[in-house]
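In this document, chain identifiers A, B, C, D, E and F correspond to the written order of the chains, with residue numbering beginning at 1 in each.
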């Protein structure tokens, strides 16, 4: 259960409105790596976490912080839109090149749809959606995703930092940059802790090594003609998992049969000349086994 | 430019059709972490890479391999659909509980839309889309995403490995598991190499440390009530970047002002009592500066 | 079945083209509350209506009007795009700040994709989709949605009314505003009629009051710290349904157990320390009941 | 800013797992009217609210409650998936009609993607997205949307209530039904309060009545042939706004000109015979007005 | 403007309900090639048509028919859902393998969301969207799309025809098959007519032949290793446009430079070693041309 | 399996950057008819093709070429973005109308998300998705779609050709125009070949002519009031299939019963007055047939 205070985590006080930047800032709310994604990614990971204790508690702390970031940036967007020429007619706007250019750079839905507020969408107006989040239940896999997410997030924040010179906006971004720095460190530390605790190791999932074809777990297939693909440590020496020896397959040949679909069901009208014969039926049981017996039992002709 | 051979990278030979598994396998084609994603993520990273040499060559090698995996799995789906009860009427199917259950577990579009072949969609039929890929131009950020992607990919492959006992299907999955093992190692090695080469460091992007608010780059804000959030190394000692000292903010208080939007434009009809006054206009120039002069120049009344 | 006349419901005659406004007007075609939504929402409600007579006839009348509104606005968009600088090269456009600003404010797909016509998309170019519509089969629930839809529709139309000063465009919007006024009244009247006819009452659906936990059907949980949440009639007196007494829970405490998932299936590789034991299996039958007998029947080992 | 406790608002304790119901319950998390929608709709309304005081405080209280409902239902989904035959092979499942049918009715992504947890998607696996929410800044418009949302929400909950007979699941639904009852009453009361406070009236937005074509604000256009469309109060008497007199247009004729696009830009290759002449250019200024002067100023040939 | 009659174009009378087929039939409503697509594709083409007369009149006739098909199929879906075990609990359903299998094969949203009616979605529940339609303004391009659309439509209808043995359902499909036959003929005839009228020729658009590189307009690049790619008339003789001579490039070599991006903006943090120098600025004017003069005019330092 | 060379199929060398055109060019990468669509449409058709030999080999040749076009255009976008004012602050940009207009016409995600590179999205920023492709297994249906796709593709390329005057960009477009010319011819030739080979005929699928209602396969239903709909050959003479005689239904009347849903399940709460009685149950067996026997067998009460 949640509780909320109207005080935000950090001050949101732009010196001046800037409706063009307000559109760009949407990327940090509803973009693939925006605050909606970190919020819901961490909540779903936390609620889906099957180990009580420090990992779950950590995830919930960060998730709860992040929904406050949605609040902060949505508020910033609204403040940047103050006094925007959103209800100016085209004709009027065209009389002033500055106003005209601002109008061209604005997100029209921030006026028409939300009446001067933020949207749950990215900087091109595409709505945020639930496929952006990663919550697999495997902590190593998910923490790696979190490192990636915070890295892209700080990268985008840094890019946006250069797109404004408003001291108030920059102050909020300075705070966000710092939190993204900490959160990158945090998830990297949590990955180290998982290994130190002996819970997860280098490869996700930590299983099926005796099932996989070991001979294919070591080499780079050289399929493009760049000359330097074998110059890195991915092609030599011991792999990060400490087990495999990296290799380089300089002239790889296909190992497989020729690509082809099976004979089609004639009632589906795939174009076909009959050369491969009739399709087989799916066989779920063998030699009058479990399923065969059911079939007999319900077949009035048998 | 590309060339193609009809021979696949590995054999695709299921012992028996299995239309229920054919639906599940769609996740590895068109799911968030499926082969379409790795293919296009790596291609877009490679084409967007601004450093010639080993990193770019590496990315292009792997990308070129991955589109061959789309080919393999799409072929496997078609073969698993051989002889599926796709054109059976409901009435007939209901006469045999096995057939009825298979029909319920199938993807209807694999018959109606693609005529017995794979879709560019996930196991729930949601089409693959271009927002799944990550290609930021920053190699450390992107390689971290690649590690995450290969981890989720091997995790999903491992889950699917348990959902079939067909030796032919399992053989393909054994190959895929091995490649995913190598690719996890590969991107982890490439991250090490980036640091060894002095190109990127721990935090993405490797900049703005003197701009961000350093005091907020170190502490976990404890905002949920789990008792163990401070038990991990994210709350103590030196951070993975070797610079910051981790901390724990046990009773954090908000630093910000009260959440509120600015006065709205009356023509947008946000409900408002006037208590905050009129909105300010955006100010892009000051004191008859650059912009002010343009305005004067084009204003026939001035 | 439908019939169509080429005469539109109302005149579409802009005095001048305005390609920037043409982009904004897309919101009324393919936005969440645009004419595509009202059209298909009402058609699906009408076709799904299980009561013959006045309600169904009403819905079909309005739906049939609305598809004529898609026609009107799509035509207006095309007329506003007449002579737009859509095929101007960037270099040429940049020589004239007005043309350059118009180009920046246009929807590029209105030229590249539809060749000077409207799209089935909103003002940011996001395609209209079928999840926008509401047609549940319950007339009170759906009429409430219709009131909401017409309210948002008139609100957006009013905002757009201020963004143009073209008399011809404004004329069409004056017609649309009037229809939206009537349609708000219409659905509010229809809600009154449903109650007067004794068909539906205040709460949707009009059932399960003896099943729901009545003690939780009356109070506002005060979970944010604003001081005035208890100042409205939602916290005092009799509720609009005439049955419940509104209340205010000033210091609510959670009623539930601690959030946690169950023990996971080990083959799904959720990170887990075993502390909660093994997962239970789903139990669909009890004590060798119906299902148990089937299982016995098909189990060759029993 | 937010705080979280691990104790949920209400008990989540199914007596037995039920993976088929776990798929259906996704509708209440990530469906159009699910808990993600109420959560984010209310937060965006609250953050976008321009009037301090009781309305804003009310919205924030309810929003903060709702995110706890996402938590509850996501937890319930995970518990219902305990011990599901998710990693069973098709062949094994087909040996037991019950298991086979369960497999057919499950969401495959709940296993493959989230490892036994909930998704941010609806019961067909379509991800939740930000276009579902309504936050226009106009309180009457938005409260009407909230009434609609809570009505559809309780309706769907009531339908799901009949699809389970597990006492623990039903207990949670009894709680949810009660909250939805209260929230319907709440938003209806808030609408009354808005009118009592003189802030908003019947029609949204409360403006432009002297601009709209009043003669079109009163009548139902009878465009379908149902015989009873004029039998309701929408066609007679005073409208709910207390101003207009409802009417019925029994044999409406189109008022508009013939539908047609303007002459196209030849460089866009719309098929055209030239019969309408050349397209006009957009005219943003008149008679060498503001814009004309700019054009002259930058035209080196003039 | 439109008018509607409650009588449908054709009888909709299934002999028996069939909720499993009701899900599949969704493909013909909201699938890529379903009735929503033909309806809106033809309306948008008709409204966007710039030539008055027979072509425009034709398109509007067919479009108006098609929306009646949405009506028919949506009605059929509702009738097929009559008495479906939609509100059965999982436990009860599992007691009867037939009911259990039906439940697994149903679309859960047809019950939970639309209360026993159709959705605007495909057979996997993905909502229809406006990007499915094609309306470019060029009649030849669009009529080719229409031929394709009616071909896929009849193909899917034929597949569905085999999936039912209900005489009433089959009767509707017999009608649909016939209309799709006619509509394929119709658009093929319309393409012939366009050529006979001298309006459009073989290649779309009928222009820029003297601008394109003619030497690249004739040959198949042989980039895959299938042995028979040159065995068809696409590699020999005169092309369908009557102008070009088809050819076959057996051993094609790339004509282009090496793939590489330009030097990046350092403030965007693309990983870069500086080897390509600094980025150039975009140059819209040359040698103090049109744009240069504006810049001078507004630069207070010049 | 694939191989790649870093040399592109054709030179990509713009004379100057042009960030506004870089946004428009996204339509050819990630638009409905862009290079991603042709690439994946042809690959899925090729992999799904059930006839070995010339058709399959043809498809794979073209598909393999097309992925090289994604490479070319993505590279062109990056080069056009060189030196774009992407990290300029709004305030600075507004001081120069040219820069301000460029900023308004740019895609903000090309900077914030991809760091100066292309996106897998269209010119409005909507991500490419897998529902754009057509791969039904029926070669005639799919080749018709390919003709349509190449037609729309060349049309859009031609439109874009007029939006630039950069010689390097135009050179690439001259190449693309030529390839699109050839590919239109190619698929038209392949359709002729299918008929010459006797594999597919005029109507898709080439079946069920004795099942469809022949009397409905010949006439245009005149449902709109344009005067010229019967002036084309679709209303007279022999149809393109050489079998049917075209006709014109000048005053069509509906053939069907009145539109109505069946009686609803009361537990779904569709508003209903009981006038149609109770719903029937779905009947999958008749007179104690196959299914009835199963039911008896598992019914402990019988």
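Note that contacts are C-beta pairs under 8 Å (C-beta built on N, C-alpha and C of every residue); 3 or more make two chains touch, one makes a residue touch a chain.
Predicted, not measured: the structure shown is a model, and the values here were computed from it.
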| item | value |
| --- | --- |
| Other chains in touch with both chain A and chain E | B, C, D, F |
| Numbering shared by both copies at the chain D-chain A contact, with half separating same from different | same |
| Distance between the centres, which are taken as Cα means, of chain C and chain A, whole angstrom | 27 |
| Per-residue multi-chain contacts in chain B, two or more chains | 1-9, 18, 32, 47-48, 55, 60, 63-65, 71, 75, 78, 86-87, 90-91, 94-95, 97-98, 100-105, 111, 113, 115-117, 121, 124-127, 129, 131, 136-138, 140, 155, 158-159, 162, 204-205, 207, 223-224, 226, 254, 256, 259-264, 267-270, 284-285, 289-291, 294, 297-298 |
| Chain-level touch network, classified as line, ring, star, complete or other | complete |
| Partner chain F, residues of chain C touching it in the complex | 1-6, 47-52, 55, 86-94, 97, 100-101, 103-105, 107-109, 111-113, 115, 121, 124-127, 136-140, 194, 199-200, 204-207, 289-290, 293-294 |
| Complex interface listing, chain B residues touching chain C | 155, 158-159, 162, 267-269 |
| Chain E partner contacts - residues on chain C that touch it in the complex | 1-9, 30, 36, 40, 43-44, 47-48, 60, 63-65, 67-68, 70-71, 74-75, 78, 90-91, 94-95, 97, 113-121, 127-131, 133, 135-138, 284-285, 289-291, 294 |
| Residue numbers on chain F that touch chain C, as the complex places them | 18, 20-21, 23-24, 27, 31-32, 97-98, 100-105, 122-126, 155-156, 159-160, 162-166, 223-226, 254, 256, 259-264, 268-273, 275-276, 298-300 |
